[in-house]
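Read through the structures below before going on.
Two complexes are shown next, each including chain A; its partner changes from chain B in the first to chain C in the second.
Let's look at the complex of A and B:
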């Protein structure tokens, strides 16, 4: 659909949240919790931290939570009875105040979970989420969205995008039919915007640091470059912080928790950085050392995903680098790969 | 050229060591670990007030061990980690070349465990005053308040295991959390899974924690995990007279029986 431009007053934001709430939509937004910023369900505007650069974790948990029940079952003499979770029961949700890299991160997740067999748990949740992103007025040294095809005002994946254009006014871009449907519920707060607003003036300046096609090409060719992966990952301690804050990492594990009478099947986040991730029952581990796991992380995002799903599995949000306890900086490592 | 760079370059050149674990400038204002194997890499070594990471954990990393004979720039916590690892038979005397940076920037070299032990006896190895305050606050809480405090903190946990990965004492190849037959700890990062994991980890570090605080520093969700293990330091000392990481041949308090051990905690 053709993009529509509207103006919303900052002073009406709180009314906007009230409207969403009164229609029964859960609103998920960034909330400050000490030093971390979580994406959580909120009741009113004052809870929302709109001034933060980025939430600590990405918005993916709205459609792909860290723990997700997919099945309940009972163990009876006559056999096992299953009570699957019905994705149709998920509620329409609004993701509010996330960043463009969060919204575009869902494109990668859509590609991964949309492959056959389709993942109904994710797709239903995602399908029922309306994403209102806020473009970025500031960036930091970990941001590199423009190097992976995104940008501080990238609208990919967003249904609506808000950009602050003065201290009183927000430019509202209505980008999808879902966005249009939601905007119709608060049309009384919107006025028409002139066509000549130059949004780029209000966006952070994020320099392009590498050519993504070059990185894809060189990553693909570097599988056997063991020295490269070892050198980059010597300080990696093999935790899952990078994967768990990442907007596009989608690996998961299933675990059953049961007693003698009943149980639940849970889907949980997992990470290729863990040694256990590839450990075989025999004791053999095809990714025996951390450098092989680091290679997997980079190759998955910059070689396998472009090849198989036609998307680069990185949004350049830099969350992994900020969260890394030992300063594995992905922007720096990708820049080094680009220079091979 | 700094004394550190000169020293490390000399150690690498005369083959005393093959790799030196130190600090280099990292992203933004961060400092990170470097594994210097060449003169050029040694040039990147820095030493300043931000060099606080306990690097001793790297001594247990397979690919770091493979670099050959290791040297390390150890702070007090790292020295204690080395002592504790030695007492757990993970490092042999003389296996690692240890440099310590004194407050005035001068370097002290330790080539054997005995000299580290002697040094630690006259060094402040206690926990920081702000951490002591937090512990005092926790201890002044009722059991219920403390339960609520930790449950609220654990709610944030995403089970990325950064605390475990950053801990110099969490070197088990197969952690209890990774055992699934039987499954001791629920894998899920839900209320019970988070609680079980952190309590299990604290118990496994009782009498072994060298109060470096790496677990809390590593946590991306800002959970003060160090307080959990720090709280066990005093009870272990009061009950068994033992402090972790002070001697290379210490017997682990919780797996050693002495006829005169107090038994008043046994109901």
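Let's look at the complex of A and C:
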């Protein structure tokens, strides 16, 4: 659909959240929790941390939660019975105040979970989420969205995008039919915007540091470049923090929990950085050392996904670098690969 | 409409348990829901995720042939957490099964050829499905030779079937045990599988070789096949990597860009040579 431009007053944001709440939509937004900023359900505007650059974790949990139930069963004398967990059992949700890199991060997850056979747990939740992203007026040294095809005002994956254009006014871009449907519920707060608003004036300046096609090409050719992977991962302690904050990481594990009568099977986030991830029962491990696990992380995102799913598995949000306890910086590592 | 939950297993009743070897059992599994059983089909080479509720899932091939309907079988060694729990179950108990997953042995392409099966230890089960699927269509193939080795006589699995194959005039079966693994009345060969294969001087012409076994056996068997003129396209094997979903999503079984669960587990040696060393 053709993009529509509207103006919303900052002073009406609070009413906007109230409207969403009164219609019964759960609203997920960045919330300060001590030193971290989580994406959580909010009741009102004053809970939302709109001033932070990025939430500590990405917005992916709206459709791919850290822990989710995929099976329920009872253990009975007459035999085990299982109950379907109905993936259709989810509510229309609004994801509010996330960044463009969060919104576009869903395209990697869409590709993985949308591939046959389709994962309805993800698709149902994603399908029922309307994403209102806020463009970025500032960026920091970890950001490199423009190097991987995104940008501080990138609208890919967003249904609506808000950009502050003055002290009082927000430019509202209505980008999808889902966004249009939601915007209709607060049309009384919107006024028409002139067509000539140059959004780019209000966005952060994020310099392109490498050519993503070059990184994809060189990563694809570097599987056997042992020295490269070793050098880049010497510091890596395999903690998996990078995967847990990443908007595109989708690897998961299953675990059962039960008492004597009933149980559940849970799907949980996992990470290719963990040494147990690929360990065979025999003791053999195809990715025995950390450099092989780091290679998998980079190659999955920059070689395998582009080739097989036609999407680069990185949004340049830099969360992995911010979260890394040993200060590995993916922007620097990718720049190094580009320069091979 | 209720959406399909791709992680929901079929409920299976353990119909029969056979003790194959120390720590090795075969389960014959029947679908608890008859309609699901009637609609179920698979092809030889495919695998599934077997679950013990409360412990989790474990990946094995379907060890029974696809030509036999109404049940599936799996053979496993008690090794980890889930297999240990599985081994403690009794006939009549319920487990879960998701599948079939993965690609297949293209036995229809092998019509008119001779087949040479080479298996070691607990790797006979995936091959047993192929062997019976071919034996059930015996007239479509020329010579069928089976070379099977295990550490010791006790470790040989499917002893009844080995005896049956030994009796068949249309099958040549060679069994061997590692040096020191023989018993006084052992009538088979003594020696490692590659050594025995070399002694058998296999004929590569119009022959397909199917090799399943521990990595070290495979490593030393391939050069012997090469020595007797087997081209890479004539040699098939299966890969096994740790899996969770079996559907190409959970991200752990890949070898380079290839998912063992989706693109495998069956590979020709030509395909294997293109894969990076990550298995």
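Here is the rule we go by: the second predicted complex is superposed on the first by the 340 of 340 C-alpha atoms of A that agree within 3 Å, B and C clash if a C-alpha of one lies under 4 Å from a C-alpha of the other, contacts with A are read in each partner's own complex, and residues count from 1 in each chain.
Criterion: a contact is a pair of C-beta atoms (placed from the backbone, for glycine too) under 8 Å apart; a residue touches a chain by one contact, two chains touch by 3 or more.
Here the structure is a predicted model, which means the values were calculated and not measured.
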| item | value |
| --- | --- |
| Partner chain(s) touched by A:253 [first = chain B, second = chain C, both, neither] | both |
| Partner chain in contact with A:37 - chain B first, chain C second, else both or neither | neither |
| First (chain B), second (chain C), both or neither touched by A:52 | neither |
| Contacts of A:5 with chain B and chain C, given as first, second, both or neither | neither |
| Partner chain in contact with A:197 - chain B first, chain C second, else both or neither | neither |
| Partner chain(s) touched by A:111 [first = chain B, second = chain C, both, neither] | neither |
| Where chain A meets both chain C and chain B, residue numbers | 253, 255 |
| Chain B residues touching chain A - in the complex, by the definition given at the top | 26-28, 30-35, 53, 57-58, 61-64, 156, 158-162, 164-166, 178, 186-190, 193, 214, 217-222 |
| Interface residues, chain C side, partner chain A - complex | 1-9, 11, 13, 32, 51, 53-57, 79-80, 83, 94, 96, 215, 240-242, 244-245, 247-257, 276, 278-279 |
| Partner chain C, residues of chain A touching it in the complex | 70-71, 73, 75, 79-82, 84-88, 112-113, 115, 117-121, 124, 223-224, 250-256, 258, 263, 265, 267, 270, 272, 277-282, 284, 286-287, 292, 296, 299-300, 303-304, 307-308 |
| In the complex with chain B, residue positions of chain A that touch it | 33-36, 38, 56-57, 66-67, 140-142, 230, 233-235, 237-241, 243-245, 253, 255, 257, 266, 268-269, 271, 274, 276, 289-291, 321, 323, 325-327, 329, 332 |
